[in-house]
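So that you can tell them apart, the chains are marked A, B, C, D, E and F in the order they are listed, and the count of residues begins at 1 in each.
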Amino acid sequence: MENTILEMQFALDTFYFLMMGALVMWMAAGFSMLEAGMVRSKNTAEILTKNIGLFAIACTTYMVYGYDVMYGGGILLDGISGAGDKYSNASDFFFQVVFVATAMSIVSGAVAERMKLFSFFAFAVVFTGIIYPMEGAWTWAGEAVFGLYTLSDLGFSDFAGSGIVHMAGAAAALAGVIVLGARKGKYNKDGSSNAIPGANMPLATLGTFILWMGWFGFNGGSVLAMASKESANAVAMVFLNTNAAAAGGVIAALILVKLLWGKADLTMALNGALAGLVAITAGPDTPTALEATLIGAVGGLLVVFSISTLDKVFKIDDPVGAISVHGVVGLWGLLAVPLTNSGVSFSGQLAGAGTIFVWVFGTSMVLWLVLKAIMGVRISEEEEYTGSDIVECGLEAYPEFTK
Amino acid sequence: MENTILEMQFALDTFYFLMMGALVMWMAAGFSMLEAGMVRSKNTAEILTKNIGLFAIACTTYMVYGYDVMYGGGILLDGISGAGDKYSNASDFFFQVVFVATAMSIVSGAVAERMKLFSFFAFAVVFTGIIYPMEGAWTWAGEAVFGLYTLSDLGFSDFAGSGIVHMAGAAAALAGVIVLGARKGKYNKDGSSNAIPGANMPLATLGTFILWMGWFGFNGGSVLAMASKESANAVAMVFLNTNAAAAGGVIAALILVKLLWGKADLTMALNGALAGLVAITAGPDTPTALEATLIGAVGGLLVVFSISTLDKVFKIDDPVGAISVHGVVGLWGLLAVPLTNSGVSFSGQLAGAGTIFVWVFGTSMVLWLVLKAIMGVRISEEEEYTGSDIVECGLEAYPEFTK
Amino acid sequence: MENTILEMQFALDTFYFLMMGALVMWMAAGFSMLEAGMVRSKNTAEILTKNIGLFAIACTTYMVYGYDVMYGGGILLDGISGAGDKYSNASDFFFQVVFVATAMSIVSGAVAERMKLFSFFAFAVVFTGIIYPMEGAWTWAGEAVFGLYTLSDLGFSDFAGSGIVHMAGAAAALAGVIVLGARKGKYNKDGSSNAIPGANMPLATLGTFILWMGWFGFNGGSVLAMASKESANAVAMVFLNTNAAAAGGVIAALILVKLLWGKADLTMALNGALAGLVAITAGPDTPTALEATLIGAVGGLLVVFSISTLDKVFKIDDPVGAISVHGVVGLWGLLAVPLTNSGVSFSGQLAGAGTIFVWVFGTSMVLWLVLKAIMGVRISEEEEYTGSDIVECGLEAYPEFTK
Amino acid sequence: MKMVTAIIKPFKLDDVREALSEIGVSGITATEVKGFGRQKGHTELYRGAEYSVDFLPKVKLEIAIVADQVDSVVEAISSAAKSDGGKIGDGKIFITSLEQVVRIRTGETGSVAL
Amino acid sequence: MKMVTAIIKPFKLDDVREALSEIGVSGITATEVKGFGRQKGHTELYRGAEYSVDFLPKVKLEIAIVADQVDSVVEAISSAAKSDGGKIGDGKIFITSLEQVVRIRTGETGSVAL
Amino acid sequence: MKMVTAIIKPFKLDDVREALSEIGVSGITATEVKGFGRQKGHTELYRGAEYSVDFLPKVKLEIAIVADQVDSVVEAISSAAKSDGGKIGDGKIFITSLEQVVRIRTGETGSVAL
């Protein structure tokens, strides 16, 4: 009977893992819809292709060797054939693999409307197979960074990945945007910035709600266990705080933009929600609900200033605000952890953030430059005018609607 | 070992609560898409902003004091820090909070296309913080109504909230619509009504499917337990009946409109599905599958007649049909319970419905009037012509599609 | 205590069933969005009506007598009133009923843009009430085919329904398309085929992601148990393989179309994902992750060739590619099982595929012809020009967007 | 015969159509256009960045009539399309000569074809 | 030179374009318009409430040609755009005088620029 | 007065508008149109089947001016709308006579109403 109970725990934890993983997989749809809504209609089909393609690539490369790089156990999932100890190894892989895809999805939005599709896919193969798994190994898998220092020893903690997933994705995106340059027509000769409105706000909103929902899996699953009172409580608290932080992000962003610009800019409310979610991701287990709301709210404020500053001051052209949402706020998420978690140190968080950023930004930059040399990364100016849908996919996203 | 088993039950119930809560949270996306599809394109971004904003507000006010008003335990969730007895307190809060948001979402659709955004948000703060929690306390929390009478003693029962959530939302919406008046151009001088077609049917349909799915959490979670044979059976029956009622609502509405008007009006099929869901919500546990289908079907018939009558006879301008779907059919749901549940009395249901309606409609009316006096509730005629997207949000939902 | 544990197992299995069923229900939204995105805008509202209507019909007829035909136990679910042995009977019905709807959804896409709505509904009543339940009885319920031979004895196995659900749906669709004929304007006098682009690619992509997510329920739930180490491991492996096959399908289809036509046709990537999912459905439990990826990839290649061949060579006008995705690839899925599952024979798979196809295609053909004689199956040429939205539903899907 | 082409504000369309019906105009062809004129566009903020909307939505009406109807048609359009007191952007009316009209259905030509 | 402007039913567009190509017309500019005329709109029901569609979708074709092509162009459009027997709403053809044409690419003017 | 009607490539719209502003043109009406001419459409593949796009997106500009501005307006449009060296499909300019103009807001007529 003892055994039956153990089996039940095993089953419950596995089931929990799978449900959380399914929710994270669902985030792929969220990123697709968000990005498809924030670009112009002529680049919509291409970004959809990019998103479904990168998800497929991430699942495959991580299966072939990424998981091995990160957690060991052999390529092609050799090592997970055994059943596992506390839960099914297969469920662990399933949960982990959707994280890789999330990191990669962050990149696609930032480089939208001007990047060559297959260069992006080439980047995805390396990013999901090596760049991400390496830093994943140093953080969640606890390995020493090139044998030099161990982040967890320095007091670093990133519960569900504000840094490891989100800031990492943003770092790769930043390198890509620098190599690519801004979209044609984005900046005037005098340096002023033009708005390029996204074509479909309901899609962008849907995407945000999907991400919000999926995030329960992202953070909730990162407790990694459910079948005891303690872990069940932890998961519940993580759900509650994840939701609270997103709500805080929306409210803060909405009030701020209303004060700044007099209008309740929907896109900023959406980015505020995501910022709240990214902010809480590094430590959704320790804050109270009020603290979580505030951590999210700070994220919501930050994201508005960051998007505006990156755009107008640094001329970083990021159509969906991915670098601000996942990068700037991801860093804030890491730094907020010590505020409510005494086991975590500021210095450790800085060390971790620095390690992740330097590694991902550096390797991504090299990779983008190599791709630029080999196959080119940017479509031609005329193609950009025509739109990448026709150029890359040979079809239009909305062929019947007049533009 | 005894203990391990208890912990497992705790864990399973908590997990169940969280999954059901996540499904109910998902309903926020459903309301957003449904409403965004049923308004004109020029008011789409605003209603999306309204929906994500109200969800954030509901989560925050209910956390700050609404939950305390309804179930006690201290503001800012003080009282839920303990782990809980049968399931995690945090999971209970998470499940409850998404119900508040649902009630509030019902209002947003009815007042669409003419209401000031921030007046709506102000209403949401009070509704989700006080108006709803008060009647929730009298019903689910079993407290006496102003110390006068106790609804449960009168034989009142509302399993998952046909009245407590849906009719309450509709009552607040009705007060709002009366204070606001109809959209410009909705009624002619001779009193006849003009159709104002919704701009995006796929969105409206998607929203309905999302709500249908989320409703499994709404009703299924209201069993409040899963970890025993009895409760598992109850949850399963609730899922089955919820689905059956929605199906009945679709079929009845489709056949009726085909007979009445010769066309299979999609929007009525969608309202029929929602009517079926609202109808079964007061008692999804006691009917057989056939009875559930019929209860839903009556809801589907009612909703068609109600929408048409409110529009043409009472000149109540409700762009999405929220008052009919959630109010009229919510009442039907309450009254249908005694048909299959002998523990519930018609008089009790009427007493409950009356209490909820009088309280919510009355306080909402006062609140709308106060808001009208302080900050105004309606945008100007010219703004209404331009569309609330530009006016309130400073952007367009579909900037590239010719209108 | 023994009993408590048994109850817990019962509860966990029931919960698992319900969650998987909810995911499969969600596939109805996926089919709706996919099909709504792949037709022209003038036929969008009609196909949405068709999809929500068929789901409601499937749920009702299967409840009334379909479940009885397939698994016995009495009409109107008499037999499931008891609680069940290992899990709640109601949860089993809930899981089974959404499969029927899935099979029916496959048909709606293939006959899009030209079929009479109520003739389709009439077909749905018979298909979901008898045609599908009969072949379901011969396969999953293990009954002899008209008392003649028993498929399982011949070494036939179809884990989650590549043949029983998907190929069956495709067979009914094929018969329908043959009876209906091609859309006006699809083929030129010289026999060459014209492309008729789908109106809304984001919707089609959303639909694909929804289906991908829902498929975890479709395949994962088909393990039929969760509450033991063995079954938990099986479910986890099924999730992993389902995901891997979809990824393989996307990659293979994308690369193939890029090589064939020089463009990354998004619609083929979407069909590739679905082909991967259909391909693995007959046996997601036995392959390794790599094998699953390859099985899916073959599906992705097949679907591209099949769509092109059916269109250009056989002049089968299937606007969404349903016959290729579910039929041709469904057959591939069945034939792939013996490659990784030694308990299954090629001959058994062929016998099963033949039985299903002959039965479903034959009865469907008769039914379509009867419907054609009684009420007609096709709208008039002028109505087809106007679009079935106005003709059948009396409204437009996108009334404000210029076409 | 004359062709009267009027550029008006979109929300005046129904009023103008009614005014024209009243004086017996039997046919109108309307087109959605974008106008650039004295009425200036506006500047919007999207995610904090500005963009200017230079072209404003207008409706163009084309009305073929016999020459002696010109004055009454111009009068009908003008009074129906003018915002109270007249506002910048109310629009313009252009009159050109129309040499011939053919009704496709019957082959009729000239003023009977209008 | 003349400018021929034809208002036709949208689903006749391909036929008309082919008919014009056959008689050697080398350029056409097409616009989606809404027409109001003898062909009456229709009333639709949406959620039980009526709404009338007064303006019907039409396509406007503008074809610049030399004067002596007018008859053949009118003939080609008329026969291609007429529904069997001729139905109300088949449309109209307007002919106006065209003073000058310039081809932007080359700066050519007059009939060679057509 | 004259009515100048120009068919140009859509992405030249901003350049043309600026060029016209510079020479003092105060009003323009723009319409999205589809053009068929020497510039041939293209063939696309969708799911392996071909479809041809015959009509290409163009923008039509209508500019009412006084007669002696015609040359400078034609010149401004031509140079702004021409792709480097001139490419097929750059478009055309049509000039017709404009008999009368009325400003709805004020009732002014003739060239002051432009």
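Just so we're on the same page, a residue touches a chain if its C-beta (ideal position, glycine included) is under 8 Å from a C-beta of that chain, and two chains touch if they have at least 3 such contacts.
Note that this is a predicted model, so its numbers are computed, not measured.
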item	value
Least hop count linking subunit A to subunit D through chains in contact	1
B-E compared against B-D, more contacting pairs	B-E
Rounded Å distance, subunit C centre to subunit D centre (Cα mean)	53
Distance between chain centroids, defined by C-alpha means - subunit D, subunit E (Å)	19
Whole-Å gap separating subunit C and subunit E, where each centre is the average of the chain's CA atoms	46
Junction residues of subunit C - those touching two or more other chains	1, 5, 8, 12, 19, 197, 200, 206, 261, 263, 265, 267, 394-395, 398, 401-402
Residue numbers of subunit D (touch at least two other chains)	31-32, 44-46, 96-97
Those chain pairs that satisfy the touch definition	A-B, A-C, A-D, A-F, B-C, B-D, B-E, C-E, C-F, D-E, D-F, E-F
Subunit C - residues contacting subunit A, complex	1-2, 5, 8-9, 12, 16, 19, 23, 40-41, 197-202, 205-206, 208-210, 212-213, 216, 220, 226-229, 231-233, 235-237, 239-240, 243-244, 246-251, 254, 258, 261-267, 269-270, 273, 288-290, 293, 398, 401-403
Residue ranges of subunit C in contact with subunit F within the complex	192-197, 260-261, 263, 265, 267-268, 304, 307-308, 311-312, 321
Footprint of subunit E on subunit C - complex, ascending	385, 390, 394-395, 402
Residues on subunit C engaged by subunit B in the complex (per definition of touch)	1, 4-5, 7-8, 10-12, 14-15, 17-19, 21-22, 25-26, 28-29, 32-33, 36-37, 44-46, 48-49, 51-53, 55-57, 59-60, 63-64, 76-77, 81, 83-84, 87-91, 93-94, 97, 117-118, 200, 203, 206, 392-402
In the complex with subunit D, residue positions of subunit E that touch it	2, 6-8, 31-38, 54-55, 58, 60, 74, 77-78, 81-82, 86-97
